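Input: structures, listed below.
In the two assemblies presented below, subunit A is common to both, partnered first by subunit B and then by subunit C.
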Partner chain A sequence: MATAVRPRPTSMMAATARIFDLSFSQMLWSRRSILLALLVAAPVALALGIRVVSLVAPPSVFRVNGGVIGGDTVFGLMVWLLYIRFVVPVLGVFYGTSLVADEVEDKTITYLFTRAIPRGAVLLGKYLAYLACTVLLILPSLVVVFFLLAPIGQGSIGGSFPQLLADLGILAAGLAAYGAVFALVGARFKRPLVAGLVFVFGWEPWVLFFPGYLKQLTVAHYLQALVPHAMPADSGLAGLLRAFRTVPPASWSLLALGLIVVGALWLAVRTVERREYVLEQ
Partner chain B sequence: MLTKTRNVVAASAVVLGFGLGTGLVAYFVGVQSTGAQRLDDLRLVPANVALVASADVHAIMSSPLRERLRLLLPDTAGRGQAAFAEQTGINIDTDIDRVIAATGRRDAAESGADALVLARGRFDVVRIEAFMREKGGEVEEFAGKRLIVGRTERGRPGLTLAFMEPGLIAVGSDAMVRIAVGLDRGGDSLASSEEVMGRVRALPAGDAWVVGRFDELMARTNLPATVGGRMPAVQWVSASVDVDGGIRGLVRAEGRDDQAGESLRDVVRGVVALARLQSGRHPQIDAALQTLVLGGDGRTVDLGFDLPADLFEALSALHAPAPQAQ
Partner chain C sequence: MSLVVARGLSKWYGQVIGLNDVSVSLGPGVTGLLGPNGAGKSTFMKLMTGQLAPSKGDIRVLGEPVWRNPSLYHRIGFCPEQDSFYERMTGAEWVEALVRLNGHSDDDARARTRRALAMVDLESVADRRIGGYSKGMRQRVKMAQALAHDPELIILDEPLSGMDPLVRRKTIRMVREWGREGRSVIVSSHVLHEIEAMTTNILLINQGRILAEGDVHHIRELIDDHPHKVHIRAEQPRALAREFLADDGVLSLALQDDALVVETAKPDAFYLRLTALAASGACGAVREVSSPDDNLQAVFRYLVK
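Let's look at the complex of A and B:
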């Protein structure tokens, strides 16, 4: 009598690696990559424009409060306002929320869940693919922007290089933290994109204005504490932020970001393993 | 993995690797050349000065702390620089990279009239010369250098300026500038004084440093005998500060012997304790005092400090005018 042979379940690590391998190319060449390409190219184009202006225009073009600002200051502003406040959260929302939600929407999650692999590995593999995909494109974009902007005025590539290293680390930490949070949102909520956008463009900027502990429930609070550049403070918004500012130490911020990544991923894996995803017919 | 995916990964790795490699080389080359040049300019300073100081003006002016202060106090920062630029044609923000200042030459005819400043940067030679001529300065050649000698006003000698080489000017008393010009051809300069250079090298790296013969400087200030007699027997003082997001640094004093060093440590310890007692009502000042670290042994006393940027913001808020009542 023939006996049914059940395939031996793959280990969590091996399964995660398989899913990563499968998802990485899919993610890189998906329609969503148009957004990624735009977010990568826009700062480079802007930096190129600034560099061209700096070459043809007089130095007085780059003045703040009577003082000429160097390329390293312009670079710091771009890192702060463009990458940390916009590019990183937006990528986290769009990619993080789609890790599970896309499979549910396309009704393909069944194919993954019926394989002999832990369900959590599907989420972990896809999360790592997201991280690799975004880090591999955003960090080189930042390096190109740095080389375009740093030499402007009295700025120097060598002098600003430690700042670049810090910025690269901060962007990687931001992508990891936002991706983990929105992977959890995507695994738990039915309309994750809306929830993610509300979190990034509603909750985070709003809560940073208020004194008290609420800002500790954001990712931006810990990311901003790591930024080595001076915060642009010539606006009413910045004045308010400074008045209510309680910046945690860098070590505490790193610890908090690590806890956010581990905690959010653990909850997301737990959710995926326990939840029954009902596919709409 | 698809071939086109592999290509993207490879391209990304190349851009990152090339960027980081180039940045790393630029960083180390920059650090080495800056350090060498900073000490190299000391060859133009006479060996017998009592005080020498150096500042990396560019690093300080472009530091995050300075950016914060400029945004907090835009008017005061802008006005002073604009006035200086108007008078000399030199924009501190953009034109000066580094300065070295020295004073207290032992064989000077009178104290206070023997200062020398060596400034490296980008200078509008024509504008500076025109400005000094307008003020009555006279141009002359000295040892192959172009000197502009300032006019004496109310019995006080004017400043003399020499264009030492492209990007380097010497400004100061006439005698000191002429000595600097002479030293450009060789001679007994501060760079060959091991007692000063050893102390400069012993300081932690920073954006600014100062080394001075404390006893000689005190002798020039003509302190009353009652005050001078009570001062601990300090021979040398040196300090180094690094300006970044805040200011951290080290002040070092050297007594004549171990006993003088011990006395000085007691004095500093007492002053710090008294200041901490008095600062109870101002938590910002108290926080600054908490960063003070007293150290050193034998005849040396070290006082380290680390003042965060928040302290300066808090202090500027303390001194800001109160909003007027409606």
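Let's look at the complex of A and C:
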């Protein structure tokens, strides 16, 4: 089987594409994906319940602070509270932290790191596979929720459809940003899942309640500015939060999310290139 | 020409020393790396394949530094010790994906994969999921991924571990043939008889240090003084035990669930007989043969005294 011709070294881009090929179906049909598919099915079940209630109860049953709300508002609330503040970070933390950590834990990283490809391509290819995989998981769920909720009350599917497209884009941006941040956490820390969960359920909710600049160190802050739905918030607490909240303009938020993605991935690639991964015997 | 040159090479993991001030030069042909578990064989191999960076000293492989030098890696084929795979992939899919990562086109990777799987006798199960492979098949598919891109240097970490006697014999023969064909192979084991069957050129390693290098024969004499323990997983361990009961080299026999543990003073004769029995099927299938490293530990304890 001797052959004199040697292949040319694989470029970062080609190697990334090949790692993506190798990882995508592995990731999509993993046990983790099945569990997280159940997570994204929860909003669908909730929306189905709401729709059933709307069919048997008067339209005025959906009220927030005394005002009747339509299906599009219920949808907006679900996008913000369930998807952006919960499902997207959870998908990001569970997949993102595992991009390198799973390969190390399963001891399959050896096969990838002894190939003629830059190590960073392993991380980038797996990150892209994560993005494709999570988008495939979350977007159908959001579309179904939309079609269940939009017609409630005075809402119309046609009128709210552009909103759906915008929400799909926001979720994809959220997945990209959280995924990049947690890919970095996964590349750098020994127990990345714990660090990731602390970030999502400790740091982010906590600093969002406080005035000042700390909230700029969260992903949720920038995603929040992209959510265009009018949030019903007439309570005293909501008023207080509004007073403290400094929501950046959408363009600035997009730029910030882009910087988070690029910056976190660059640092993650740099970490993977330089770090030794010692497999436990 | 030296394929691997280490100078003052040390590797430590925190407080634990993996390799300690090793200076060695390995030439072409088959070289056996022999030492008990934890001796530093795997650390040395990981340094040779660029998975770890030296803590001190340096290592060059095929004339180039190896850490963070992926352009060199297509010249090296590495079969790791660990039994880890993407279990849901078929053998062919897995090997092909790894060959493609080395820069080969899809068609070329496919052809190389088929050839490599044929070399390790896995053609017939190439399209079966790795999760359904036996231990021996898993070892062989690991070897196939190390060979498929036709590397100049093949590094095999405990390749015979868990193989049944027939596949073990075939693999040993294959490594010897590679050596005769002019390929360079570095193979590690904690079983002298395995290494001896593949090459006479060995490197003795213990506690992170190279104790000796060169011809295997003087080590051989030492090891013959020590009883050798063999663990055999078989379909009919009792029948196997009956066969070995009358063998004058056998010092003790013990049955453990589906396995037979034999202590022998004449390992060569024992392995020959075991292989013949496995081939004849007289005692049912012999699934796995392994040798605990306390055989070698005893020799090393004696050597370092």
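The definition used in the following text is that the second predicted complex is superposed on the first by the 263 of 281 C-alpha atoms of A that agree within 3 Å, B and C clash if a C-alpha of one lies under 4 Å from a C-alpha of the other, contacts with A are read in each partner's own complex, and residues count from 1 in each chain.
The rule is short, and it goes like this: a contact is a pair of C-beta atoms (placed from the backbone, for glycine too) under 8 Å apart; a residue touches a chain by one contact, two chains touch by 3 or more.
It should be emphasised that the depicted structure is a prediction, and the values quoted were computed from it without experimental measurement.
When the two complexes are overlaid on subunit A, subunit B and subunit C sit side by side with no clash. Residue contacts after overlaying the shared chain place A:D21 against subunit B and subunit C alike.
Contact with subunit B, but none with subunit C, is seen for A:D72 once the two complexes are overlaid on the shared chain. Using the contact criterion defined above for the overlaid structures, shared-chain residue A:P140 touches subunit B, although it does not reach subunit C. In the overlay built on the shared chain, the residue A:T110 is in contact with subunit C alone; subunit B does not reach it.
Touch criterion met: A:W29 reaches subunit B and subunit C at once.
Shared-chain residue A:L164: touches subunit B; no touch with subunit C. By the document's definition of touching, of the two partners only subunit B reaches A:S156; subunit C does not. By the touch criterion defined above, A:S54 lies against neither subunit B nor subunit C after alignment on the C-alpha atoms of chain A.
When the two structures are aligned on the shared chain, A:T218 is found in touch with neither subunit B nor subunit C. The gap separating subunit B from subunit C at its narrowest, counted between C-alpha atoms of the superposed chains, is 9 angstrom.
Shared contact residues of subunit A, touching subunit B in one structure and subunit C in the other: 21, 29. Looking at the complex, you find that subunit C touches subunit A at residues 13, 38, 42, 49-53, 68, 70-76, 78, 80, 82, 84-86, 88-89, 97-98, 100-105, 108, 112, 115-116, 119, 145, 147, 150. Those residues of subunit B lying in contact with subunit A across their complex are 1-2, 4-5, 8-9, 11-13, 15-16, 19-20, 22-24, 26-31, 58-59, 62, 64, 67-68, 70-72, 74, 77-78, 81-82, 91, 93-94, 245, 310, 313.
On the subunit A side of its complex with subunit C, the touching residues are 1-3, 6-10, 14-15, 18-19, 21-22, 26, 29, 106-108, 110-119, 273-274, 276-279, 281.
For subunit A in complex with subunit B, the residues that touch the partner chain are 21, 24-25, 28-29, 59, 64-68, 70, 72-73, 136-137, 139-140, 143-144, 146-147, 153-159, 161-162, 164-165, 228-230, 232-234, 242, 247.
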